[in-house]
Every structure is written in C-alpha cells, then in structure tokens.
Amino acid sequence: MNLPFIKKFSTKALIILISSELAAVVTGPPGNGDTPWVGFHDSITQKASFFGLFVTGRWALFYAIGIISYLAVHFFKKLNSNNSAMDSLRSQYSSVAKNKYFKLAAVLVIGVLAILLPTVITDPFWREAMVSQIAVFVLLALGLNVVVGFAGLLDLGFVAFYAVGAYATAWCTGALPMPPIFGSHVNPFFAIPIAIILAMVAGVILGIPTLRLRGDYLAIVTLGFGEIITLFANNLTGITGGAQGTKQVPHFSLHIGPLKYIWGLDPVPYYYLVIGFVILFIFIFYSLEHSRVGRAWTAIREDEVAAESLGINPLKYKVMAFAIGAASAGFAGVMTAAQSNFLTPATFTLALSINILVLVIFGGMGSIFGVVFGAIVIQTITMYLIHTPPAGYQPPDLYIYIGALLVIMMIFRPGGLFPARRRQRADVATSSLENSNG
Amino acid sequence: MKIRLNKSVAALATGALLLVGVPVAGLATASSAAAKPVYVIGYEGPLTGSGAQYGQNELGGLNLAINNANATGMLPFTLQVKSYDSQGDPTLSPAQAQAEVANTNLVAVVGDAFSGATHAGEPYWYSAHVAAITPSATAVTIATGKNNFFRMVYGDDIQGTTDANFLVKTKGAKTVTVISDGSFYGAGIAGVVSVAAKTAGATVTNDALPQTSSCSGGVASVSEFAAEATKIKASNPAAVFYGGYACDFANLLPALKSAGYKGTVMSGDGSYDAVLLKTTTPKSAAKGAYLSAANCGSTGNLTGTLAKQYKKLTGIEPAAALYDAQAYDAGNILVAALQKVSLTGGVPAIRAAIITYLHAGSWTGVTGKIQFQANGNLVGTGKGNIAIYKVTGTKLPTAHTCY
Amino acid sequence: MANLFEVSNITLRFGGVVSLSNVSLYQKRGEILAVIGPNGAGKTSLFNSLTGVYQPQEGSITFNPKEGEPISIIGKKPHVISHTGVARTFQASRMFNALTTFENVKIGAESHKGIGAIGAILRGPATRKDEKYSDARTWDLLDFVGLRAKANYIASSLSYGERRRLEIARGLATNPEVLLLDEPAAGTNPSEKLELTDLIRKVRDQMGVSILLIEHDMKLVMSLAERLYVLNFGSVIAEGTPDEIRANQNVVDAYLGTTTAEGAN
Amino acid sequence: MHGFLSYLNAHFHALRLEFWGLFIGGIGSGIIYAMVAIGYTMVYGVLRLINFAHSEIFMTGAFAGYFTLNYLIGSSSPTGFSSILLIIVGILAGGITGSFFAVVLERVAYRPLRIRKAPKIAYLISAIGASYFLLNLAAKEFGRIGRGIAQPYQNHTVFTIFGAPVEMYNIIIFVAAGIMLIIVDRLVSKTKLGRSIRSVAQDSETASLMGVDIDRTIAMTFVIGGFLGGAAGFLYALNVGVLYSMGFTPALKAFTAAVLGGIGNLRGAVIGGLILGVTESFTVVFFSGAYTDVVAFAILVLVLMFRPTGILGELIGRSA
C-alpha cells in the first residue's frame, strides 16, 4: 500500500483538472448577465475537435491537453536535470554572448533589420501598427523599465507622462483651447523637446511628494495620480478640450533651409523617426544603467537603508528615475499626438498603465533587451489578435490572458523572459533582507 | 537556476499548446460559395476594451443585415462582414482604417462607433474614397464636409437644441441644471443643451459626474449620485438634463427621487434604452422622466422577427442593445447600393460609386426615413424628427411626441 | 581637541516604548570604543540615532569632523551624515545582493560625488577620470580587507566572514572618520573572528579611522576595545576600560539577570 | 470677486439646507467603504501587502447577491419578514462567495510567492494580474452592461432628521454593516483565532514558534476580509446594481479609508471609511462630482506624507 503516493497523485490530478477546466471556460463562449451559467455550461459541454482526430466535449479536450502539458513539463524537467550536454551548450552560448564583438555584431544586425523592416512588411495595417502600437509601446516600456526595473519603484500611473507628452504637443501646435506658448503654432517636430521636458518636469512634480512613500503605498498613489491626470484632461474643458478631445494636431514637418519634408498619412517616415528615438533612448538608458547612477538605483532597490548609510540620497535618485523614465513616455506622447492627429482623455487609462507594466514584466524588469523584446512580442500578439482573431476567440478575452500571464510569470519566472543580469542574481540570493526590514 | 529556466520554458510550452488548442477547438468556419464575386463590408468599432458593448451591438446588427441579404439567394454576389477592432481608441483607428482600405474586396465601411475614433480614421478612408457610415458617432465636429462621411444618427446639435427648447419653452423651465457624464458623447450633448437653454432664456448650471459611465466600464460611488441629487434639491432648478447613458441615468433617477426633487428630469438618446428600466431600482423612480431620441416615428430598436434573429445571432437582448438598429439599417443601405451601382469597374470604382449613390438615395429602415446631406448628416433640421418620450410604466415608452 | 562624538542626554521613544533614556557618552578621536549590553538594551537604537535612521526626541548628538565646524547629528538624513564622515555596518549584514563584491564597494567609493546623469550619458573625460579613481580606490580597499580574489563574485555568494569584511570595505570607501560596527562577529567562526579582530585594529591603525563597536562576543570586545559603555534597558549603567567593566557589579548583574527584554531592535 | 462670493454663498446655502441629507448619504457609502477597508487592513496586518485584488472580491460578492436575489425574488415584491430574510440570504451569498474567492486568491496568487519569499513588488504584480483576470472573466461571463438588482424590500422614507429623509436602504446597510463590523471586532479581539491573527501580525516567526499555524491563520484572515468585502459588494449593489468593473472605485476609496484610519487597525478602518464617505458627499456640493476622486486621493497623499500611521495608528502590526 502506498497511500501518500495516491494522495499526492490525486492532488496533482485535481489541480490539473481545475486549471484545465478554467482554461476551457476562459477560452469558451461568452455568457450574459441574465443567464449566468450559460457561458460556463457551454464552455464545458460544447463539442470540440481534438486536433481533428475525434470530437469530444470541451471539458475532456482541455483535461487531455492539461495532462499532456503536465507530462511534457515533467518529462522535459527530467530530461534536463540529467543532461550535461545541454548545460555545456548553454554555458558556451553564454560565454559567446558575453563577448564584446559578438554583442556589437548582434546590435548591428538588429539595427540593419530594423531599418529594412518596412521593405519586408508591406501590409498597411502592420506598417501602421509597427509605429503607433509597437514602437510607441517600446518607448513606453523602456521608460517604465527605468522606474520599475532599475529603481524598483512600482508606478501604476505611468500613463500620466504619456498624456503630458501628448497634450503638450497638442498645446504647442495650437490644438488645445489654451493658446500655445509662442503665440503662433509650431509643428510637432519642434514640440518634441518641449513635450519631453514637460513630461520630465511632471515626473519631478509627481515624484517629490510621492517618492518618500513606502513601495506599496507608492503603487496606489501613482495609480491615483494617473487617474487624476485623466480626470483633469476630462474636466478642464477650457484647457484640454475635455471629453470631446483636441482639435486637429498637424503632422510632423521639417523646413530647414532647402530641406523640406512633411510626414503625411504614410506610416513609414514615422517609423524611421521613432526608431531613431528608440535607439537614442536605448543608448541613454544603457549608459545610465552602467554608470554611477545605475549602480545607485540598484543599491536603493536592493536595500534603501544601506544605500542611505553610504551617502546615497534615495529621494534624489528616485525622482531622477521618474523624470528620466518620463522622458521617453513624453516622446511617445508626441508620436501619438502627431500621428493620430487627435487626442481624447479616454486614451490614457489605467488599463494602459497596466498594459505597459505587462510589457516590462514579461520581457524582464531591468533588462533593456528583455523589455524591448517583451514589448515587441506582446504588442505584436495583441495586434495580431485584433487584426486576425482566430475562430472562437473573442477579442476582449485578451485581458483575461494578460491577467493570468502576470500571475503565472510571478510564480514561475519573476525575472521575465530575459532577466536582467542583476535580477537574475538576486533570484539566487537568500532573501534575508525581506525579513530584516522590520 | 537551471531548473527554474526549464520549468518556465515548459510552462510557456504548455500555454502555447493550450492556445493552439483553442482555434482547433473552436467552431469550424463556413466554406465559401462558388463563382459569385465576394465583396467585403468592413465594420470598425470597439470590440475590445471599455466600449466593447457598443461594438458588439453594432457588429451584430450589421451581420444580421448582411446574413439576411445573403440568405435571400437573390444577390449576384456574396457579401462578407469583416470586423476591425478599434477599441474605440483614436490611436488604434488609423491602423485599422489603413487595413480596411487595403482590403482589395472591401467596398465600404460601417463605423467607427465612437466619434474620436471616427475622427482619427477619416483621413485614411477619405484618401481611398471609401464610404464610412457611422451608426452612432454624434459629435458635431466630425462632419467635416468630406464626401465619404455619413452617419445614421442626428448630431448632438439637433437633438440637444430640441431638448433644450423642450425644457425651456414647452415645460417653461427658467432654471436648468445640466449634468454631463464626462464621456465623449455625454459631454457633447450636455454642452449643446447648456448653450441652447441659455439662448432660450434659462439660467443654466453645469456639473459633471465623470468616469461614471457604467455602460462603458466605470461606476460612480454610491454617494456621488446621492450627493449630486442632494445638491440639485438644494438649488432646486426647474429642470435637470443628464447628458450620458442609460446605465447611469438609471442611478441618478432614484437618487433624485430619494432626495425629494420634484422638477422635470430629461436625458438624451444615450438613455433611451431598455437598460434604463432594467437597471433603475425601483422602476417607479423613472416615472415622469423625459427621454429624447432622433428619428421620430420609430422605436429605434429591432423588433419582431428581426429581434429574434438578432438574439439568436449575437446572444444580446436586442431591446437592451444600443445602435444595433442603426448598424442594421446601414448594412441594408449598403446592400441596396451594391444592387444599384455598376459592379464592372472593380473595387475602386465600386467604392466611388457607393459614395455617389449614398448621396443621392433615400431609404426607410427600422430607424425611420434615412437621407443624407452633402456633409453626411441626416437630412432635416431635426424639426419634427426628434421624438420625446415620457416614462410612464415599467417598460421603455414608445408613445411619443415629435418636435 | 574636541571629542569625535559627543552624545548628551538623548531619549528615544516609539509610541509608549522608551528605547533609549537619557543616554550620554562620548568618543575620543582615534579610539576603539565599544557599547555592550544584553539584547534589547538599545544598542542598535543608539547606532541608528547616531546615523540618522532614528531621531531621538530629546538630547543632542554632536560630531566633530577633523576639519570644519562641529555638526549636530539629530535631524539630519542618513545620507547627509554619511557625507560628514560617519560610516556604518549592519547587524544582519545588508549587502546589495544582486551586485558583485567590487560593485558593492564601488558604490561606496563614488556615492559622495554629485549625481552626474549627463556625464554618465556622454562619458566625458571628467566622468572617465572619476570612474578611474573610484576603481582604483575600490581595488585598494578590496586588497586591504583581503577580498581581491572575490571581486567578481555576487555579494550573496560570500561567506559570513567575507560579507563582514566586504561591509567594512564598503563603509571605508565613503572615506569616513569613524566606522560604526554593529555586531561584526555575529555568525562568524572562531578563525574568522580572529581575522576580523585584526582587520578592525588595522582599520584604526593604518587608516586612522575611529571605531565604535557593538558586540556580544565578550572575548572579542575585551581584546579590542579601549573603553566600553554598558547599556541596559536603554540607560548607560557603566563606563570604563575593559578591566574596570569586568569588575563592575552592575554589569555582572545585568548580564546574569534577566535577558528577556525584546523588541527594541 | 462678487462672482466668487455669490458662488460661496450659494454653496453654503445648499450646505445649510441639505447638511443632514448629505451626511446621511455620506455615512451610507462610508460604512460600505469601512467594510471593504477591513479586508485591506487585515491582509495588510498579516502579510504587509496591499491586496490589490480586493476590488474583485467586492465584485464577485455583488454578483453572487444579484443572481441569488434575482432567482429568489423573480417579479414579486417582497415585504416585511421575507424582506429581512432575503437580505440576510443576499449578504450570506455575497459574503461566502467573497470568502471563497479571497481564499482561492491567497492560495493561487500569494502563497507560492510567500513560500519563495518573493520581493513585495512581485506580490503587487501578481495581485494586479489576478484582479485583471477576475474582472475580465466576469465581463466575459456576465456581459459588460450594468444591471439593476431585484429589490428585496420596498424603499421608502422611514423618518426624517432635521427634514432630511432617512430611507429604508440607509437603515438596512447601517444595521447590516454595523452588526457585521461588531462581530468582526469581537472575533479579532476576543477569540483564539483573533489572537493568532494578531500574533502573526506582530511577528510571524515568533507566532509560528509558539505553535500558530501561519498558513491557516493567513487563510482565515482572507476568509474574514473576503466575507466583509463580498457582503459589502452586495449591499452596494442593492443601490446601484452590478457591473464587472464595479469594484475599482469603491475599493480605491476603501483603501484610502484604511490608510486614513491607520492601516492594520480595524476600528481605524471604520472611522476612516465614515470620514471619507461624508467628505465625499460634501465635495460634490462644494466643487463638483468631477472632483470627488481627486479629493479622495489628496486625502490619501496628505495622510501618507504627514501622518503615515493614520488617525489611530497601526494597531495590529508592528511599530515602525
């Protein structure tokens, strides 16, 4: 008799059953408020084809998928735990990856690919999405990464800086009821520095009172600020245009001497502009990460009291992280304003803040490469699902998956897909810190 | 470290496997018919995000029209609806608009549902000469005079002015409080009513209860409606106009009744919806409230067989769906257009011909008589076209007077 | 010359709990001074008051740097106090676990410079010079504490004894006049303890940094300290040389008596 | 200047006229905030973390009450004893559902992190994820349109205070919430369970050495907090109906209330909730409905900056 084994086994079976059926419900047909059980009932009982082999109820199908996945994971784990060839391969790879010239070559290849991308991608939807839904979100994720990844501050109102950048652009170009600073309008190209600076100033203004707070309070208060910015944009009709939005924001244009260029409806010129800024911001954030400033951020993130005892002023560095992170969000705002020509407060929601956070967490907090990768992957998947939703998929379900993804990531891989070098190590570290904070 | 990595790779693999399972497990797509040319009607609107319900309502209405047209078997072509999800977001609309105009079978677009997204998509539709018929965008500013823009509802200006005149002139209200819900629509109509009421000679107070639109994802705290009602009771205006949607008007009405306010209460077409009496608790609190809606002479909702078909197709209760009927009518108008215009010149020519046809024709749909002005607005100054209803029982009223 | 630290009549309360009551003490320049006492006697509270983590409600603390005016510690932020020349270690060693040994020390070496974000982005000559200087200083200190070989190890992979030495190096990197050591020998083995004793003495003798020490290990304290204070229930109950303390009846009572008072840490 | 004076005058006039009406309305929402705030405060006490997903506990409770009452009442209009019974059933349905989801949440989203001793930011992110998951799953299963709840009682003015009407609804929530708050207060201060909760809040390591089952205690904390949150959701829904996103705003306000009263402090949460509810009521009169959220956040930030321990201080938890 081996009872404990049976008990353990049945617990596992139960867990697999529950999570499989949950997956069935999540992916199943929707219900409605009048007959609440319809959605659940159909999700479980509806007939579905098992990879074209045979037809069975969804509940059985998903349970089968659950068991297969479990066995696959189990098998993979076993295979890996006594496979030294894999290990040596991995260490070889990582030693190559550390090589300076390899890194340089990789960066060059990626750069060339980025420049050639519009020639490969000709579908107008994707050309547009590449700019307004992917590159802009890369910028936002890069900025939030400075705040969350480098300095360890959970900011749930990051969208506020995006909004400041966008509305600043609308303001400079005369699209707000409030007259622009120069009396006459400028085109958005010249609004770039103003928007970035205003976003940074907003970072400082929001940062100084809130960054004295403990981490979890900070999350709630920043969330509040994000909401308040939207609220003001909505209510200060005389300044922002209110819920009805701005007037027409013009496209970018450049008139310097003989040089004359106007960005029109075609997204490709925007693509090159935004890619240029993405590279610039990556360079800036990378330099900062590997400088005194980056080390100070890490020190504060790891142990604020110890950092203070070494003479680091935490408030100053935290405010700086806010301001620097806000810079790229400010530029993202310029892009959005100039390209979509039109802003309403409804764009800048809490959901967007969380969306940006998901990109950062998925890619790897604190890892610039990870964050860029994460933003590209998640936004591409999101846009793919919007563009060509697979049969049986209801677009609003995306947020259910995103929620589940966050929880699963935190349980199984808190460092993200590409954990930052430093985070990776922090994982190994004993967490005596957590307990001695009292 | 190593184990951690493998575990998560495995977890991701599991996830991927599940996702692969989804499309397989989904319903099989219908096989296409033979020979006949296929034309696509695009639907753009919020299918995700906070405004998703509007998009689903309208998409359902459009699908119903197109399905029924195909089912007659009389058409020399096959029609398909392709949906483009803008999330009602002006930043996403350009991408979808470009995808739509790039679709080589697409002849016209129904959408966008929201004014902001319509505004942002317009330049792209215009540059490709694609007619865009919005079932629900009412902002005054989006009718910019471009020839490809059409809408199935009256703009805020006509309805709002009529409502203001009704309150001030017909009901004799000398003091009016105008409350907006802070949504694009609500702020728009509230703004128009406020100005028009002032013009008509009333003293107007403006207020806002923003981000409360529970029809689209927000909810006010209990106390906000109660306190607003108390405040109204204290200043005691002769009339209250609410610019917003039914879900919230349903909260304001009981609050006003509890506070003991006895004046005239009114709201626009956003509130003329079965949801109003589904949500107002108790239902008697809605008694005596006035509602306005464009297109006098129709209920604005799908009824009878259509309602049954709609329910079957979408799972949405048609009486509780906003703008489903407008989208249904828009679909039928496009079917009529395709039957009239020459189909020989290829899609670009058809697109242009549809625009010309839409400017020339007139139709009668479930929402009433439809004819477009040059700028795409419905014909008429609105005089006699705005229906005003008074809630009397526990069902959405149908008896109305035209103003 | 004035004393390095001059603490007079400080009282520290948390709500109703009195953690330090009317404590006065002083430290001479160049002295190795120790504070001992049972658990919960207020030793760490005293350290935290000296470094600005806690703000005592009454009394005054004056710090006399080699150059310049005396400075009042109370009311200043920890990072400001660090800039005046006070460095410390922590009871449960608090490394930046995600960073290497080298980076841990380097943070101390460069923290007294301005922020230099622009410099960090542009990497101008001044920034590069600064970096070179902090690198050199970091290597010197790693040599000094004997951790050069472990420079590229992650801090969390070090042994207890190594962490203690790393913390000392990190503190010294800020160029202090006095180093406050909070139970440096906790968790170390006997041979590490001996090394540590030598290191602490070396810090004072070779670098001229005064030492203020909290320690439980009587042997270590008695061999190292030149003068001691004994705290019990937040008050100073004795002061003197190791020999005087050993002979003090109050101290013997405090140590043999109840040691259950908890919570002030 | 004259404009401003007349503005103030008009508003003070409104305030004088309707002071009691606003006060009663404020207390009504305040007591709901208080119930939700207790969930935040208790979890904060034992885990030192803000349970971000508490808003969804509130929402699930409201939906459970909604479905139960709609099933039981149908189109009848109950009065008298059956009203009381139905309200109790609704509270139980909401509370038990809330407890259930709170425990599942703890088990799935928090416990694995606790075992791993994950940093705080991981808890917060996991909680946000769980909240998003539940919120959107509810949207999918129950639709995205708000719905009114079948009324288990006939609402009418019972009596007036200085001319301000006090309605049946006010009395129901006041009595129901009051009883629940008193029970929880007794539970935490007098029972063995309460002692374990308090000891875990003080120092979980010592508590476990003294034989307290930490996992079980934390789960019980979620049960109690979840019950109050779910029941509050139902009481709230009685007034405004149900919607998948209904939890967000009240939960945020409740969190503010918890901080205002002193997070970790049960009675503080109640006081904070009442103060916030009343303040909000008056904000609508003085500024506009548009700014109630701004005022709530301003209170939150000011309290956190100038008196982070709140009105009553952190009682359950450790100091500093």
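We just call them A, B, C and D in the order they show up, numbering each chain from 1.
Definition applied: a residue touches a chain if its C-beta (ideal position, glycine included) is under 8 Å from a C-beta of that chain, and two chains touch if they have at least 3 such contacts.
The structure displayed is predicted, hence computed values, not measured ones.
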item: Pair of chains ranked first by number of touching C-beta pairs; value: A-B
item: Chain of greatest Cα-centre distance to subunit B; value: C
item: Innermost chain by mean C-alpha position; value: A
item: Subunit C and subunit D: spacing of chain centres that average the CA atoms, whole Å; value: 46
item: Subunit A-subunit C separation of Cα centroids, rounded to whole Å; value: 42
item: Intercentroid distance (Cα basis), subunit B paired with subunit A, Å; value: 31
item: Distance between the centres, which are taken as Cα means, of subunit C and subunit B, whole angstrom; value: 69
item: In subunit D, residues with contacts to at least two other chains; value: 143-145, 147, 288, 290, 293
item: Subunit A residues counted as touching two or more neighbouring chains; value: 30, 32, 231, 234-235, 396, 399, 408, 428
item: Where subunit C touches two or more other chains, by residue; value: none
item: Of all residues in subunit A, those that touch subunit C in their complex; value: 283-284, 287-288, 291-296, 298-299, 302-303, 305-314, 316-317, 320, 324, 422-423, 425-426, 428-430, 432-433, 436
item: Subunit A residues within the subunit D interface of the complex; value: 25-26, 30-33, 36, 39-40, 148, 152, 154, 156, 209-210, 212-217, 219-221, 223-225, 227-228, 231, 234-235, 354, 357, 361, 394, 396-397, 399-400, 402-411, 414, 431, 434-435, 438
item: Residue ranges of subunit B touching subunit D (in the complex, touch as defined); value: 50, 52-53, 179, 182, 207-212, 214-228, 230-231, 233-235, 247, 250-251, 254, 258-260, 275, 278-282, 320
item: Parts of subunit B lying in touch with subunit A, wherever the complex brings them together; value: 1-4, 6-11, 13-15, 17-18, 21-29, 47-50, 52, 85, 87-96, 98-99, 101-102, 115-116, 119-120, 123-124, 127, 139, 141, 180, 182-184, 186-188, 191, 208, 210-211, 315-317
item: Complex contacts: residues of subunit D adjacent to subunit A; value: 49-50, 52, 63, 67, 108-109, 112-113, 117-126, 128-137, 139-145, 147, 205, 242, 252, 255, 259, 288, 290-291, 293-294, 296-297, 300-301, 304-305, 308, 318
